[in-house]
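Lettered A, B, C and D in written order, each chain numbered from 1.
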Amino acid sequence: MATPKIRYAMVGGGRGAFIGAVHRIAARMDDRYELVAGTLSANPENAKISAADLHIAPERAYVSYQEMLVAEKKRADGIQIVVIVTPNHMHFPVAKACLEAGIHVICDKPVTRTLEEALELQKIVAASGCFFALTHNYSGYPLVRYARELIAEDKLGKLRVVQVEYPQEWLTQAADAGNKQASWRTDPTKSGAGCLGDIGTHAFQLAQFITQQKVEKVCADLTSFVEGRAVDDNVHVLLRFNGGAKGMLWASQIAPGCENGLRIRIYGEKAGIEWAQEAPNELWLCELNKPRQRISRRGDLSDIVARGVRVPGGHPEGYLEGFANLYKDIADILIARENGEQDFLQDWVPDIHAGVEGMRFIHAVIASSENDGAWTKL
Amino acid sequence: MATPKIRYAMVGGGRGAFIGAVHRIAARMDDRYELVAGTLSANPENAKISAADLHIAPERAYVSYQEMLVAEKKRADGIQIVVIVTPNHMHFPVAKACLEAGIHVICDKPVTRTLEEALELQKIVAASGCFFALTHNYSGYPLVRYARELIAEDKLGKLRVVQVEYPQEWLTQAADAGNKQASWRTDPTKSGAGCLGDIGTHAFQLAQFITQQKVEKVCADLTSFVEGRAVDDNVHVLLRFNGGAKGMLWASQIAPGCENGLRIRIYGEKAGIEWAQEAPNELWLCELNKPRQRISRRGDLSDIVARGVRVPGGHPEGYLEGFANLYKDIADILIARENGEQDFLQDWVPDIHAGVEGMRFIHAVIASSENDGAWTKL
Amino acid sequence: MATPKIRYAMVGGGRGAFIGAVHRIAARMDDRYELVAGTLSANPENAKISAADLHIAPERAYVSYQEMLVAEKKRADGIQIVVIVTPNHMHFPVAKACLEAGIHVICDKPVTRTLEEALELQKIVAASGCFFALTHNYSGYPLVRYARELIAEDKLGKLRVVQVEYPQEWLTQAADAGNKQASWRTDPTKSGAGCLGDIGTHAFQLAQFITQQKVEKVCADLTSFVEGRAVDDNVHVLLRFNGGAKGMLWASQIAPGCENGLRIRIYGEKAGIEWAQEAPNELWLCELNKPRQRISRRGDLSDIVARGVRVPGGHPEGYLEGFANLYKDIADILIARENGEQDFLQDWVPDIHAGVEGMRFIHAVIASSENDGAWTKL
Amino acid sequence: MATPKIRYAMVGGGRGAFIGAVHRIAARMDDRYELVAGTLSANPENAKISAADLHIAPERAYVSYQEMLVAEKKRADGIQIVVIVTPNHMHFPVAKACLEAGIHVICDKPVTRTLEEALELQKIVAASGCFFALTHNYSGYPLVRYARELIAEDKLGKLRVVQVEYPQEWLTQAADAGNKQASWRTDPTKSGAGCLGDIGTHAFQLAQFITQQKVEKVCADLTSFVEGRAVDDNVHVLLRFNGGAKGMLWASQIAPGCENGLRIRIYGEKAGIEWAQEAPNELWLCELNKPRQRISRRGDLSDIVARGVRVPGGHPEGYLEGFANLYKDIADILIARENGEQDFLQDWVPDIHAGVEGMRFIHAVIASSENDGAWTKL
């Protein structure tokens, strides 16, 4: 018998939203999930229409997530997991409510608006016994995972330098009033932090995820270049890792020509590796005094890579497939947990701890920048 | 109300097959289809297990496609379209049966094993009033379509040279007995032609699709390099187009280092364009005496591009998304036809005519090669 | 004591010419030559001024090469070698005169205007005992030479497919009357052949040079796309090599966006290699089922590479350095010959035989194309 | 009449040295210089042999630069300019002696070992009336200069972010005792600073040269990763420019896979530009919301580009040609100055002021790093 599909609801993600649609495709890709309910919009009319678009039964198209949790609890076929794709400031209350109702959560990043919220959520997750996944989706790319494996196998030797960057161009100019996403992302009451929270945290998470080292201290220079913008749009940070490596992190949303330029380069005593999100099907392995090797995304690289590969090498996979890998892993993790395997895929899917670390990073970077670049502990 | 999903069945594509899974992901990506029935394998046990894997109800897991067509006909919720992903020699009989039962067809390429079958199928399609789509999936890449639009808008001027190539490496050595796919693909009774039919037709179709010109004559040199191989594994062809352009087509399955290297370059009086499948999110536009421009896959390029874009520029899309674009288009075409719009997306989705042209190409190439490279009409 | 510099004269290459200046830089790069005389232009005034530009003593600025040969013969410090950089139709008479005067020759390619001349020149060279070098300069790139070594060492296994191409854009439109070079190159009485002779021969020579196999037969389609042009501007050729490999050669001067796109890809039973002139400091080695390796131009690759490398890896070398490598080799060959080593660097510097082969290639391609693509022996 | 060649002497650069040979090729490329004298080595025997290698007359092969200056002064055909290619600690005394003798100087970088020496040298240059050129050779690449022109023409708008980096791999491991260059470069008494002085200054100079802005403050983290190394081998610096831009500078000599990875990216309000030394023939211009443009090195871009281009686009030029452009410019500057044009090519060739700024940079970076990353003025 095929494994039954996991029944999920979405909070946020109605018509006009971006990331909700991405989550739905990711959930759909491997046929492991079924979207059965939703609180898709704070606007009742939009909530209703959006649900109809998505084949959600009218009676399960809610206008409040609290109401949804109560109603779904009563159903034999009620939801098992909630996907939160609201603006950042709503992550905390929705996640809290779900977890306290015993519902697993998949939450878009950053985990919350403040570090305090994140720390509180960490306790709530622990108390709930539920799984809380944070969609740092770039962790889902097969070659990102393979990079981590190469380091774990000591292919690079002791790590020395980590250069990570994430430039974009889409906020080079002041945002149009009509750009829904640009508007909440540059509103500090909704986003918590600007470029730093939006993409700086992705870069930070990627660096920690691949190296399996923790950033201990940062020295930062945050800037808001666009006149009138209330949040940072450029992030310059020096990094020191607990394993002795040093690094630089650059995130920017004002870099014309850069679409989604997440890129990481890591150098150790024996070799370096380089990966860029816009060419995700290749990983460069540079062993000292040997020709650079272009490792292609192929299922035969390793078991963890094989899990996240759907087509042969040379058939490009992209952003959606990487995202879908998290969904697939979460589905398998839920099943494993039901079978008592608490540590299945341990650390491969970003969780509440990654969320807390991300908030600590935001906190420390802001503190360092406000303190004229003083080295600041996370 | 959301548009109801299209109910489809699959013939072929059971456990262990490759392309069936690709079709299912493509069908799933935009939530426009529902897999409700299948004749997934000629082996009854595999057919049953494979159906269960895919959440197909046991009573709709058939062991013969004829039986399936009869049984589904009787259901109010019977299948509307059949996806054929069997080895090539089965395309014709299955498609014929479906069309004669009034069921639309999505068929993997090449359309049939012989030109005669293709010509007969062309008549059957015409008589049936059904839609027959041929999954030359590379036509689904947004930038392939944009390339066609640039040419249609005369951005290149009169076309002169078309260089298309499709090298792979996977048959560099004699195939293992255990490699199911390699084994039927190198068996002329099942595949019809080797490299020529498998990927040469993709290259041919891509060239015609983008240029909107027809290849009139070919001059060819087919080779089977691997000892004991019964079909060609390298294809060299000179091309002459009806619009005056000339070209070269190279397809190979014995080129180490080439994973899936489909690539096309087209040069006109005013400009050239270049696109490669392994970097599908960029299209190079080279206007004479200007810097090369790297056009990124973005929804704002044109309406046809916007149809096939799910994420912003810089977020790579790949093979599966391109494939899914055909499925999305077919769904919209079926709806449009029900509404009397017979020419909706006319020519954007490869159909039976593309299939016949592909078979004429195979026929002419083999004839030319056997005739010591004589220029041969299609 | 330092080796004395070789005293050379140039025929052609006065003000306004292109390739003469390239030869002079190449000769100068390693300080092995001294330009002491010249017949730089058929125009006496230009000959004089051009000589003064180049620090040639006025009495050694000649207006006729015949006169120059006579006058230099009488000097104790007379010329040892002549560099011929005239339009193609003058190569033969000048080379003949030099060789008959016992003077070595460095000649730009193609060697002559006709095959008959080339064959006659071959005899003259043999009778003269002089060295005749043909500047197929791309043979001078260190990684081209390394590619040849990899093949010689059987790194690729038996060769199967050779894809070579050389697209340019500069003759996409009808040439201005004012463009001196375009004007003689498209005049069949001066050039002998158009794109085929100008760059098709480079592609042909490169393929033979690297593979060390000979093209036995060609099947060709020559075109003159630009209205009113008397010579071909696009060359499509299928190749068969004496070692069993097959190939394609494309040369074009009407491909917008292509500046100097000479590129070769060679595939054998075990591996493939790829090299492109516009990125000459990297060679791709693709061993079957291994990651592609980017071999960087470094002196430690081999002795022959070390000869032609002046700066460390990562410090790009280009066209002029490759050209200069031929000059350096010729200088060492002349010294070796004086010391009785007739076979020093045997086959590494293109000579009269390469010239004859190139003319045979031109001849066969034209014949095949005129004969509707019939396979034609060289 | 041709302009007479400039007579130069070299100090340093005997057998076994690297950069001296580079300078000589650069001087030779355009035939504007003649090497007539030298103090090529502190070792008398090596000085003699090295001079003979280079066709320097025995009587002009000196063993002390002081002696050379005296002797050459007496000759009618004495030296006009001295090229200093010694280890760093000798730059100051040799330059001082030359300038005080009224001899122009071309000096390898960094200008001196300490800031104090640089400041004193600045005064000496001013008093001497001689020209002092510092071979920050990357300024000689045509597309680096074109990048500067694009910014000067306000193509980018107000500059915001400057990312410059210069990773290398060659000191990843402790240097062999036998590696002459590695040995003095990692000896602080001879080099002054490690990676920072050797290549960090190149990155700094390039950023200032292209932007025409000055770095005002730095916040730095210097590291010596290789055990036992007395100087830094990795440099992380945050930058603030006087025009309001911010930046990052990374230089490293322990990054496996990086040969000579100097690269700069500059983003303004309207556009970004990107250039990398290992692909020096292309410059990327990224105008907001337009396709990226790959600008190819071609003589028709601008007058300053035309000066430094010897072959057409698509014919790669590299490190030596860029270096040679400085030599060509210096030759023309000397002539212009003789003709009273003091500001010919003003600011295009790095001079003593660039040298002083480089030393201030080194000084400030070391101070900041020692002061736990405090922002430090230059």
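Criterion: a residue touches a chain if its C-beta (ideal position, glycine included) is under 8 Å from a C-beta of that chain, and two chains touch if they have at least 3 such contacts.
What you see is a predicted model; the values in this text were computed from it and never measured.
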Length of the shortest touching-chain route, chain B through to chain C: 1
Pair of chains joined by more contacts [C-beta pairs], C-D or A-C: C-D
Centroid distance [mean C-alpha coordinates] between chain D and chain A, Å: 44
Centroid distance [mean C-alpha coordinates] between chain D and chain C, Å: 35
Where chain A and chain C are represented by their mean Cα positions, the distance between them in whole Å: 56
Junction residues of chain A - those touching two or more other chains: 258, 292, 296
Chain A partner contacts - residues on chain D that touch it in the complex: 160-161, 163, 165, 167, 169, 172-173, 219, 221, 223, 225, 234, 236, 238, 240, 246-248, 250, 252, 254-258, 265, 267-272, 274, 284, 286-289, 292, 372-375
List of chain B residues in touch with chain D within their complex: 285, 291-296
Of chain A, residues touching chain B in the complex: 1-2, 5, 18, 21-22, 24-25, 28-31, 52-55, 168, 170, 258-261, 277-281, 296, 310-321
